[in-house]
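Order as written gives the chain letters A, B, C, D and E; numbering starts at 1 within each chain.
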Amino acid sequence: MSPAVWFGEVGASLLAMDWTPAIASKLAPTVFPTGQTESAFAERLPLLLRDAVTGSLPEPWRWLANSLIAIVAIIVIFASLFALLTLAERKILGRVQNRPGPNRTGWGGILQPLADGIKMLTKEDIVPAAADRLLHFLAPVVLLALSIVTFAVIPYGRHLVPVELDAAVLYFFAAGAATELAIFMAGWASRNKYSLLAAMRALAQLISYELPLLLAFVPVVMLAGSLATTGIVAAQGGWLGGVLPHWHVLTPPGFAGFVIFMIAALAESNRSPFDLPEAESELIAGHLTEYSGFKYALFFMAEYLGMCALSGMAVTLFLGGWHAPLAALEFIPSYVWFAVKLLALLLGFIWIRATFPRLRIDQLTRLAWKFLVPLALINLLTGGFWVLTTHWTGGMLVVRWAIALVLVVGPFLALGRQFQARYAPRTYRYA
Amino acid sequence: MLGTGLLKGLAVTAKNFVGSFHDPKRYTTVEYPEQPTKLPENYRNFPFLVFDGEQPIDGLRCVACKICEAECPPQCIYIIPDRDEKGRPTKKPKVFDLDVSVCMSCQICVEVCPFDAIKMDQHFEIATADRFNGLLLHREDLAKSDAYYHSIHPTEAAQVDEILAEAKRKAEAKAKPAAPAAPAAVKPPEPPAPAV
Amino acid sequence: MSTFALGTIIALILGSAAVALCLRRLIRSVLLFVISWAGIAAFYLWAGAEFLAFAQVLVYIGAVSMVTLFAVLLTRRHDQPDLVIEPPARSRAAAGVTIGACVAAVLIPAILATEFPAASATAPTFSVRQLGLDLMEQHGVVLLVVGLILTVALLGAVVLAASKEDAS
Amino acid sequence: MTTAFTPTPSGAHVRAVHDPFHGDLLEISMGPHHPSTHGVFRMMVTLDGENVVKLKPVFGYLHRNHEKLGENTSYLGSMPYTDRLDYFCSMTNNWAYALAVEKLAGQPVPERAEYLRVILAELTRLLNHTCLAGFLLQDTGASGTPLMYAFREREKILDLFEALSGSRMMCNYQRFGGCRIDATPAWLAAVRGIVDGYGAFLDEYEELITGNEILLARTQNVGVLSPALAVSAGITGPMLRAAGVDYDLRKVDGYGLYPRFDFRVPLGAHGDTYDRYMVRMLEMRESIGILRQALAAIPDGPIMDPKAKIRGFRPKPGEAYGRIEGPKGEIGFYLISDGTPNPYRYRVRPPSLINLTVLEDLCLGHTLADAVIILGSIDIVLGEVDR
Amino acid sequence: MTMLHVCLLFSGLLFCIGLAGALARSHAILVLLGIELMLNAANLNFIAFWRYGPPHASGSGPIFVLFAIAIAAAEAAVGLALVIAIYRHRQSVRLQEEARLKG
């Protein structure tokens, strides 16, 4: 095993472990909450499998083993999801562009990620002579570790919450906020002008988009009355007449929050159309210019894992977490629903990447500060209104929806008109 | 409304994504080694020398007149005319080398050849590990039969055959009254002086 | 286990802070500061104030470190080490360390000499919900004032840092 | 405050690299190995933050002595070399060179050949503008999708060229006094099919990207070229027309059979990158119209003037300048004959190079990302810039 | 020695390190960071007293720290903006060179 991956995994598990024992007594008595024995066999299958392995151990060791299994399961599942995602992205991009995508390795290209991995592992690891070797090495490791740490608080299913924290959402974004530091380290340590520009861009971009990202989910926290991810998911349970789920995205403030959140998430995970730090047509590869081989692969992995984590959080906050969309479909295990929603969002990321050109850095920051932040602030107001009017019924329900919709759509149209006054399609004259 | 342009774009890419599964117009890849496409008849790659009959070297139409060598813009052709024991030209090339690493497939040698002896090939899989000798084609590599020429450029070859037959007929008509001692061998018209 | 964790955290914080202030390369000292801030967050976590820990990470690692790095990049001069060892600087450094040591010499005995009332047996519980209620009810006015100060500071920072175009 | 900085006389907004007020600026050498300099082009960019304060184009990495080669090769031998100037537009390069030689020698061209030349030139225009739209969007960061759509259509036109001339890009098709190979009815039918489908492609392409708000924000008011600067710098082609100057050699010179066709010349009003993109999109629609008319009217007949000489071509001493409206601008060849088989002087007027000269003026004050798309919207091919 | 003593000693040491750094270094950014460190040390005290002080039910300690963090963020923003402004003006961030108030 290369030292980089060893360090990354050990670092990630250390981070995850060191935190849990210190606060374990208070926050998470067991890694997976147990007890709800009434749920279906399929629902409890992961827990049963785990207990079959660790059931015979004495208590403190059992707790440790359970934690380790949770960590290993998350890393393995999301690492293989990362591998499949790289393939899926290339296949989908290919199909969008009227071509097949990678199809020579394995059956229909299914082994392409393996081939990529072998290629990355066997490549020479080049460090520029003038680089800051320590930071150059640490940057991908820190980035990957931080993006793995964020997975700790996402509820993957009814009984699958690795760590239950009182302020889980805050934890998630605190861990995510530190990733920009790693990107900066990469850009700085490379001693390359393109990398340096990319580092500056990454800083500006991530600072700008942190704010709308945080503001966008506040209405959800208000609606759910909890900062814990489990509490937020629990608040979205139930259906209206067995058909209409109580997801936050189906309320006006929740919908606006979802859209703002997804735009900011695109920017936070450096995905097109906000992939400015690694804009290949301007900055070669940005902060990745001087990386090769396995360190490059680690960056790549961290980017995709970050995307998965943000999508998972979006599912938790807005799309009802692991709840089924219809009451009739509840027999399907909750983690399957979570996976379906997660994959749908990831597909959306890829679809957007296949379509849009890239923004410019000043437009990017302007979009955050002049468009998303005002909308998110107004959305706070909408969220407050929505929370205060939960008891309105009958005719007042229509009034409630009307006011909330006006609060959501009105500012959007007003700000959109401002944009259209500056940029609009033109008509042309002929000689 | 802001965002309609973005949504339209998304709709177009979605249409192409779905279309790539059922509409051949939206799936244009040809997987080359497994599905070779038919080359158009006019396709040209590198020149080759046409020979008549069975013997590749003896049957070459080339008379080593060196017009193509002079006209070739990148000067990739090198010819040494053959001579018999007495030092008279036999109107055959002793050496006909063509450096395909220099050749730019412009077809000017074909256009200037008065004997229809050099034509453009369609064989393009000529990659080699030897950069120098592997890409320097000699007269033995270049000689290909008239039948092969017919198979790759049927229309053009038919026209060439007509022209050659016409020339032969004229030459015979000219040769018959002139010299009964002259051999029956076709005597091609004298090549004009190569351009200086 | 718990004391061991505390010892590690303390060593991490003190070590990284001390080294950060001695380093020649500014970027490295800033990154070491980030480590010490992260250590302080870990301390909060260890003490049971998890909300504070996450706030510390968000504010210090997410924002202050970024702004600092920006400032470092924007004020960077080529071919100029960050720490110039010249006689005045050296005497200054010596004076600074001496003063720090003096303060420590006063503080440490004072702390050791003081008898504190007995600690509560169990850690105080303090949920996020409780924090929110306290903030909104008991400390509502303070919250408003802090918000005002933050806004003014933000505007002031923008005005200060906004580039004035070349007047010449 | 005292500064040693004095404005340079050449341009008001060109700043010295080490100006004491603004501190150190960042100098970046973009290229010759850069993904978006369209070949081996190099820009020495000086940045203040992300803003370009100075931009020095460096070219010549692809210089291959084209003009000197032309003086040492026969008139015919230069024809395949013209393919390699602007390798997207070999057909128009061929035509411009053939036109120059025909003027020099007073060589007439049969009507069918003239029609074929118009058809091929307009197909080349479609091909070039389609590719440009793809490249420009690739430069703005679209992940290949517009480029792949553009290349899908380009491939169809290249197949036509291959079927007619034998080569996709290095066509070497025109000759002095006509064309090399006659077009078959099947080929003309294939052209008709592609021309009929091209409008639908353009519609889809414009729906994909033209109304895209990101593209609007990226390209509008970026790299504005004023008509005065455009004219004094000798800019030609769509770039000049995007600046609002009505100058199209097809109308001005009326070479070939263009006076017979009915088409309009789209003009931009702002001269920015968006106008340069849109003018090309509109020109493509006009080209489709010209192609329809030409395909309907093409007569039968010879494609080569019977008096034309392939070999031993020696024009009388004299000089001639032949120019046509290439897709990128005025492509011209200037020839002096001294009666020998080789030209005495062989000179190319490359539209790419001359349009490139205003690059710094367009980029100053914009960001690095804008410099990339401005370069993309100028539409250069390094084979022609460096020759 | 109780846990409280350990925490207080620790925060005192941290304060002294910050103080020594702020006084010893001449780079304005490092001075600012030293001051931030002193603020953090003070915050540690609040938490230490809240956690190991006499039994109580209020959350004043953490809330005070929360406010202190917010103010520290404001301070950092303004301070660094000042550093940038000074740098623009005088091309230096060395504090001993900033002897004049008038530019």
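As a convention for this text, contacts are C-beta pairs under 8 Å (C-beta built on N, C-alpha and C of every residue); 3 or more make two chains touch, one makes a residue touch a chain.
These figures come from a predicted structure and were not determined experimentally.
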{"item": "Maximum centroid distance from subunit B, chain identifier (CA atoms)", "value": "E"}
{"item": "Pair exhibiting more inter-chain C-beta contacts, C-E or A-B", "value": "C-E"}
{"item": "Chain closest to the middle [Cα centroid of all protein chains]", "value": "A"}
{"item": "Centre-of-Cα separation between subunit D and subunit A, whole angstrom", "value": "45"}
{"item": "Geometric centre distance via CA averages, subunit E-subunit D, whole Å", "value": "62"}
{"item": "Cα-centroid distance, subunit B relative to subunit D, in whole angstrom", "value": "31"}
{"item": "Centre-to-centre distance between subunit C and subunit B (centres being mean Cα positions), rounded to whole Å", "value": "78"}
{"item": "Subunit C: positions in contact with at least two other chains", "value": "48, 51, 55, 63, 67, 70, 77, 123"}
{"item": "Residue list for subunit A, restricted to those that touch at least two other chains", "value": "96-99, 196, 200, 354-356, 419"}
{"item": "Sequence positions of subunit D contacting 2 or more other chains", "value": "1, 23, 145, 149, 152, 208-216"}
{"item": "Contact footprint of subunit D on subunit A as seen in their complex", "value": "93, 96-99, 193-194, 196-197, 200-201, 272-273, 275-276, 279-284, 353-363, 419, 422-426, 428-431"}
{"item": "Residues of subunit C that touch subunit E when the two form their complex", "value": "6, 10, 13-14, 17-18, 20-21, 26, 29-30, 33, 36-37, 40, 43-44, 47-49, 51-52, 55-56, 59-60, 63-64, 67-68, 70-72, 74-75, 77, 82-84, 88-89, 92-97, 99-101, 103-104, 107-108, 111-112, 116-121, 123-124, 126, 130-131, 134-135, 139, 142, 146, 149-150, 153-154, 156-158, 160-161, 163-164"}
{"item": "Subunit D to subunit A touching residues, read off their complex", "value": "26-28, 34-36, 47, 49-50, 137-145, 148-149, 152, 208-218, 220, 241, 246, 248, 251, 264-270, 274-275, 278-279, 282, 367-370, 372"}
{"item": "Of all residues in subunit B, those that touch subunit A in their complex", "value": "1-3, 6, 9-10, 12-14, 16-17, 19-21, 26-29, 31"}
{"item": "Residues of subunit C that touch subunit A when the two form their complex", "value": "1-2, 5, 27-28, 31, 34, 38, 41-42, 45-46, 48, 50-51, 53-55, 57-58, 61-63, 65-67, 69-70, 73, 123, 125, 127-128"}
